[in-house]
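Chain naming follows the written order as A, B, C and D, and within any one chain the residues start at number 1.
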Amino acid sequence: MTSRRLPLEISAGQARLLEVDGLVMRYDTEAGEVSAVENVSFSLGRGESMGLVGESGCGKTSVALSLLRLAPENARYQSGSVLWEGMDLLELSDQEMREYRWAEISMVFQGAMNAWNPVYRVGEQIREAMDHHFDPPLSTVETSRRMDRLFNLVGLDPAVQNRYPHELSGGMRQRAVIAMALSCEPKLIIADEPTTALDVIVQAQILEELKEIQEDLGLSILYISHDMAVIAQVTDIIGVMYAGKLVEFGSTRDVFHGPRHPYSYLLLSSIPSVTGPRRRPVSLEGTPPNLLAPPAGCRFHPRCPWATEQCRTDEPPMMQIGPSQWAACWNSEQVPEMGEQLP
Amino acid sequence: MRLRTKLLCLLAMLALVAAACGEDEEAPEATAAPATETTAAPAPETTAAPDEPEEMDEPEEMDEPEEMDEPEEMPMAATYRLGIFSAPTTDNPWAALDTEAEIWNTYVIPGQMSLYTYQGPTYTVVPALAADASPPQVEADGDGYSVTVNLRSGVTWSDGTPITAHDAAFTFNTIKKYNGLGGNFTSAWPLARDDDPATEEDESSQGVSAVEALDDLTVKISFNFEPGLAIWPMSVGLGSIFQEAFWGPIVDESADAETLYAASGLGAPNASAFDSVEWEPGAFWRNVALDEYYDSGSQYTVYSSGAVEYTQDGATETWGGDPGGDVLADYTEGPFISESIYSIYTDQNAAVLALTEGEVDFLLNPLGLQAGLRNEILAAPALEVAVNDQNGMRYLAYNTRKFPMSQAPFRQALACMIDKDFMANTVLGGTAYSINSLVPPGNAYWYNPDITAPCAGQTSQERVASAVQIFKDAGWTWEVEPVWDEGNRDVIPKGEGLVGPGGETIPPLTLLAPGPGYDPMRATYSLFIEEWASDLGIPLTAEPTGFSVIVDKVFPPADPLGFDMYILGWGLTPFPDHVFDFFRSSRDSALGGYNTPGYANPAFDALAEQFDKAKTLAEARDLIHQADAIIAEDLPYVTLFNTPLIEAYSNQLTFPYTTILDGLQNVGALTGVVTIS
Amino acid sequence: MADQRSLPEETHTADPFGSQPILHEVDSWWKIRLTLMRRSLRENWRIFRRSKVGVFGLVIIAFWAIMAVMPTVFFATGFWNPAVYDPVTGLELNPPTRTMTMVERITDPNTEIDRRAVLLDGRIPDTLQIGDTFELPRQPAPPDGRHWLGTDPLGRDVLSQLMHGARASFFLGILAAVVTVVIGTTVGSMAAYFGGIVDAFLMRLADLLILIPGLAILIVIGAVFTFQLWHLAVVIGILSGFGGTAIVLKSQALAVKVKPFIDAARVAGGSARHIIFYHLIPNVMPLSVLYMMFTVTAAIQSEAVLSFLGVLNTDTSWGLMMNLARTQGYLLQVVDFWWLTIPAGLSVTLLSAAFFLVGRGMDEIVNPRLRRR
Amino acid sequence: MVRYVTRRLIQMVFLFLVFLTVTWFLLYILPGDSVALKYAGNPNIPPEAREVALERLGLDKPVLIQFRDYMFNFFQGDLGVSFNQYPRPVVDIIAERLPRTLVLFLAALVTYYWAGFLAGKYLAWRRGNRGEMLVTIGGVGLYSMFLPWFAFMMIWLFSVLLDWLPLSKFLDPEQWRDAPFRANQVFMRLFWVTLIASVALFASGFIARQTRSRRLGRTLRWGGGALAVGGFFFYWYGVDSGQVMRVYAGDIGFHMILPVLVLTLINFAGVMLLTRSSMLETLREDYILTARAKGLPERVVRDRHAARTALLPVATSLVLAVATVIDGGVITEAVFSWPGMGEILVSSVLSEDIPLAVGAFSFIGILALIGHFVVDILYGVLDPRIRVTEHG
């Protein structure tokens, strides 16, 4: 299958910061080869924010880790490229890649508690990143000045840096994680489930702050979440992944209002809408496929209510549906409008 | 961080080691400065003959000039390095004779004086402090008895002061002060009870009532009964005498024996040619030769008859009868070494390595070397070997208080089945030899060569026949009589339903023996005895078990019927009064004695009474021979086997004799007369 | 499996029965349970197989298991005559001999006898003159066609002893392990389930057992009783089961205790005993089996050391073989008498290492966090 | 926290009492008694002498009185006098033996934990490496080696064949002839000097960790380290008392090499496998991924993040092992002729020397109790998470 880069007019005029092109990544396991990321392509510009959604195990985190080349050691990149400002990250040496990490792309990990090493103070762990990425190294005074600024930026008392991770509340920890992600002035932050473990109020605050920081600093952010609501709130572009494949891609607005892939549709419909028209929540039946032996044709066909014979045999390519919307479905026209009752 | 800490600690440790080892040239200076008390030079002082090529690679032996204060006639001055297997526990000679009566303490602590002493290699009793060639006779004296002993002049303590009758009296009074003390004191110096007169029945009331110094060189020992040979001279005559000048003040201050034992005895005057100067607990003990030893240069000639010719300052005495037979030893008293160092090896295998590697010259071990080392020590060019009889025995004991062990025919028939030579030569692979008498052949004076094993020299077939005959003669019967089947070389059928002459059936019997972990020889032996017993139809089960389990069942008098048979071993003394102690009815273990079989034989007891009163060695020997013969016939014990005592020593050593009962270890590896080339 | 971070969190307590808490009233309950067990066994075997060291250990154990069975076969088929090959009372009556020559000064102790050797060996007539030759039976004898691993100083077959020793080791190890598991799981589960005073009592008791120095206490007990193999097994089982294992299993059981299926069982009217034995114990069992393996290793080693020290009262064991070599002075004559020390020493190492390796392999089953991704 | 510690202390005392009681009675019920065992082999000792001996040792009194007296004295600091080395106080004997055992086994412990930790760390880090199986099997093989036999083989190799190291014992008698010190003084000095140096090292590292400034921290860390090591050497080379003792300390150190080597080879695999498991678990933690994402060099990720946290269970087991050093020496001490506490333990039990045996046991018990207590505290120091849970 040929890979096609998706032209994105949505944010035309900006230089592409990140272009992922036909990325195929597999895990070697004893049970066989797991097809974790299958021909995924997308791109992201400066200052844009993008969301990747999908169920657990659909490969969104694998994509994110691929950007940092941090996938587990049994991962193999079959084909495709990850271009960062035109340079293929997959071609870099380990040493070069290490220099890229955090300085260019940093990450806010899911489950902020586990992202902290419990035996070191928060400040130490942030300082550590700065120590390795500034050349010439920052002076001690400069480091602590920056540190104070970072903590102020994420709305934390700078005194927090002298505390241990477990001494902080969930919200504080997550803010500190963001501070850490910002510490080396990256151009892109990957936020992997940044708010999953938090209560709704803190969640909203943090998302708001992230958004502000993004705008202030002109950052790009790649959000990764299974929570459509979160994505809708903060992103410009959205990609929906299913079983290692990107099934729908487009501006957040378009995809939310008119999903054209059955999976996106069902995913969105499963969220009860509080504000929109009242509708019966639709449940997504079945379980995601076993990626050791993914189904032939469209990977979603076993669970798709609109599946046809073609879906079982031929894999649908990414097709442009609207001006800023693409979907990989043979029968995208059959997908009902949001709010319509299912037949 | 912790990791680095550990690393640095380790490095520091290693560096320290390297530093300390690498800079030996600084060592003497560092040592010399604070060296304190001893007479010997701090640095290694041994000298080797310069033409000895083997010594060339040990530079420190060449460095120092020869010690000049050694007596002129001494050919060599060297360090005698000995290995011992357990750390000494005390340096106090009193404690070493009482509570700390361990062989390891005895090896290292220089000996005290006594009136008479054993002379190796024949164990003849010869004068030490006493002047009379043979012990004077006990005479009636008022209510009791006494003996007056004249002492030699010129016998000195290691501090140079003469040993006098006052020291002997002091020793006795000290023992008396502490109510007899314990351990070896009790047997060497039996204490007369003051309150009630001695009686024949109560042996514990008999003893020494006083020891007085009539003058410096005359001591009078009083008894409250008429002592036999076993008490005078064999106990009291050999008892240790301590120096009053040193110990007197300590004894005065010590309200109880505990305080006396707690006093340090390092450097206390003794009567040997050595002084203890250094004790590093758990590591080594060092004795240094005296500059002036009273007996130095005396000549000893020992004959196989037991006689000893002693020449000091040109005057010759003859001890222990008329010289006769071969000359077993002919030597001059030393010391010819400057010091002896006793190193502690807690494992025998490590000690043997030390011996073959030349780290020590001799290993002091009451058990000698292991039989399996034969090849190794024979192959070692630098080692000489001495093999000797052990004064001991492994034996099978019957509980004669119980049926069927109470029946002599039963004991005899089972003993008849036991083929001791087969066991020793074949099963034990020649590492043991069978014995028949209660006094082993190595104890030549007392050994009774006429005693043979039951059914000696018979084949298996004949043994079965003899055993069956013994039972039949005594009126025992079988349901199925055991028959030897020559074709299968086995007893087929085995005996069944053996009953006594009165129709008594035999209850299941147990044979206790040390487990294979403690002594594989006796464990295996017990299994063979079980097999032979079952051939005859005796329901005997061998039960190899813990040593202390057997001791507990056999010795305390709580339940004299608590065992059937057992196998253990004895280590013995040169004077074989054990022959009577083990079997006379008054020493029944139920009464706290050592007659574990509960053997009661009036004829034997009568011999024992005579032995108590015996005055001469010849008389005592005759009684021992008779007693030994009775036991060999009546068999409350079946003596089984003995192991030779194998000793190896550096070929640099020269001993005046190496053939001696219980080996060279029993005479302290002859530190006083050994020479080292 | 695809995505490292979205793996369902595997825990120690993946409970195959958790979904059927009410099934215990049903007749087919056992059948279901058996099926589940078989399935989980198959799954566990699949995981275990991946651990090379575990499989390696299993192969060694299998080898020794065969060794342990062999004597029975040899005796039953008459290949071995018990009178000769019995490990305790067997005796080679016709040992190989060698011809020795009496010499003045020895060069080769294997073919020549020093004059001094006459004294060393009771079987050599002391009338022998220099130059005479003499046939001397060899005991211990080196390996030959009859005795593949030679004979020991008492003329017994080493191979037979080795095989019987394997039997003793298995018996000891497995008995100790079973005692460990029974005590460890019961005590751990009870402490976890009841908590409070029961917990405090049991755990303090466990602390007490941990305080006791193992080897010394075994020697004490060895002095009290006629210490046989099974005594040792039980004591080691109790020490390790009640001590360390119970404490680990208790924390495990505590984790299980808060799982929903326990509540469900309690709501369904399960008695304390029922819950402990049917729900808690099966769930801590895998971990306890792991400890069982380590107990086997410890038991084999303790036996060897105690026998070596001569404290234990057994007929045949590897430690006892070493003890005999030690007390007879063959321990350091590795080159000349290798068959007395190397086979036994190596066997102790091999078998205890094998159980340890199997334990390592099982660790990966029990502790999924150790598995390869 | 205070309440927790108090409660623990009370529990410890109670536990110790029970332990003492159990041990005492266990030894008491042994068949026979010290006197019987001692006199069983000597037929020349009359029965009266045995009674004298029994009375002297207090063994003629009723059991409960004996026990009461023992406990009463014990808690007044009087462990009684040894039966077998009468009238030597038990405390004296232990004081004679303890320093040797401590120095040897602590040195071995530190070495094999260090070796095991390093090996385990690399094993986990290079998981799946071809060497992994080899190292594991080799390590386990050594771990299950039959200690006495292995020790002899090593002695044979290093002392006989290669002749590099001394055969056994802890000193060379000929070198110690007229030594101005007793070996125990040297052992104690070795112990203290090394301990002070280690504590100084640890403390400087600890303080360095607390400081805000990195540069100061680094200076402190290395400065403290240099000072500790320098001080260590200065003591042995510069200070008079150290200089004089150095030769003797060196001799002891030289004799320690082989036993430490043997113990290390036998034991490191246990630590190695523990570290490996612990490290493998740690490597699955998210913060390792974070550390990598931060672009930290692999060495930093491994040592600072993975190994540091993986150290926790290893350190715990180290402290517990310290508590058991005394009884671990039974075989080693015998083989290397290093008479220490292990030898006491066995010989006192075998000769039924109750006061000495109970004394030695109680020492082990106290050490073990303290060890468990320290583990709890140490966990708090190493893992900041614990500190808080304790408060709450």
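By definition in this document, a residue touches a chain if its C-beta (ideal position, glycine included) is under 8 Å from a C-beta of that chain, and two chains touch if they have at least 3 such contacts.
Please read all numbers here as calculations on a predicted model, not as lab measurements.
Of all chains, the one whose Cα centroid sits at the greatest distance from that of subunit C is A. Across the assembly, the chain pair joined by the most C-beta contact pairs is B-D.
The central chain here, found by comparing per-chain C-alpha centres with the mean of all protein C-alpha atoms, is D.
Put simply, the C-alpha centre of subunit A and that of subunit D have 53 angstrom between them.
Separation between the centroids of subunit B and subunit C, computed from CA atoms only, is 42 Å.
Chain centres here are Cα means. That of subunit B falls 39 Å from that of subunit D. Taking the mean of the C-alpha atoms as each chain's centre, subunit A and subunit B sit 90 Å apart. Within subunit D, the positions touching two or more other chains are listed as 30-31, 152, 156, 350, 352.
The residues of subunit C that reach two or more other chains are 223, 309, 326, 331-332, 372, listed in rising order.
Residue ranges of subunit D in contact with subunit B, taken from their complex: 30-32, 36-38, 40-50, 52-53, 56, 81, 84-88, 96-97, 100, 107, 110-111, 113-114, 117-118, 152, 155-156, 159-160, 167-171, 173-180, 182-184, 194, 197-198, 201-202, 205-206, 209, 221, 225, 228-229, 232-233, 236-237, 243-244, 246-247, 249-251, 253-254, 256-257, 303, 307, 311, 315, 333-340, 343, 350, 352. Looking at the complex, you find that subunit B touches subunit D at residues 1-13, 15-17, 19-21, 26-27, 30-31, 33-36, 38, 40, 42, 44, 79, 81, 87, 89-90, 95, 99-101, 179-184, 186-187, 190, 203-204, 257-259, 261-262, 278, 280-284, 286, 341, 343-347, 349-351, 353-354, 357, 359, 548-549, 551-553, 555-556, 570-571, 573, 577-578, 581-582, 591-594.
Residue ranges of subunit D in contact with subunit A, taken from their complex: 212-215, 285-287, 289-297, 300, 304-305, 308-309, 382-385, 388. Here subunit D touches subunit C in the complex through residues 11, 14-15, 18-19, 22-23, 26-27, 29-31, 127-128, 133, 136-137, 140-141, 143-150, 152-153, 156, 273, 277, 280-281, 284, 324, 326-327, 330-331, 345-346, 349-350, 352, 360-361, 364-365, 368-369, 372, going by the rule given at the top. Remark: subunit B residues 348-349, 352-353, 369-376, 378-379, 384-385, 387, 424-433, 515-521, 524, 527-528, 531, 543-546, 548-549, 644, 646 touch subunit C in the complex.
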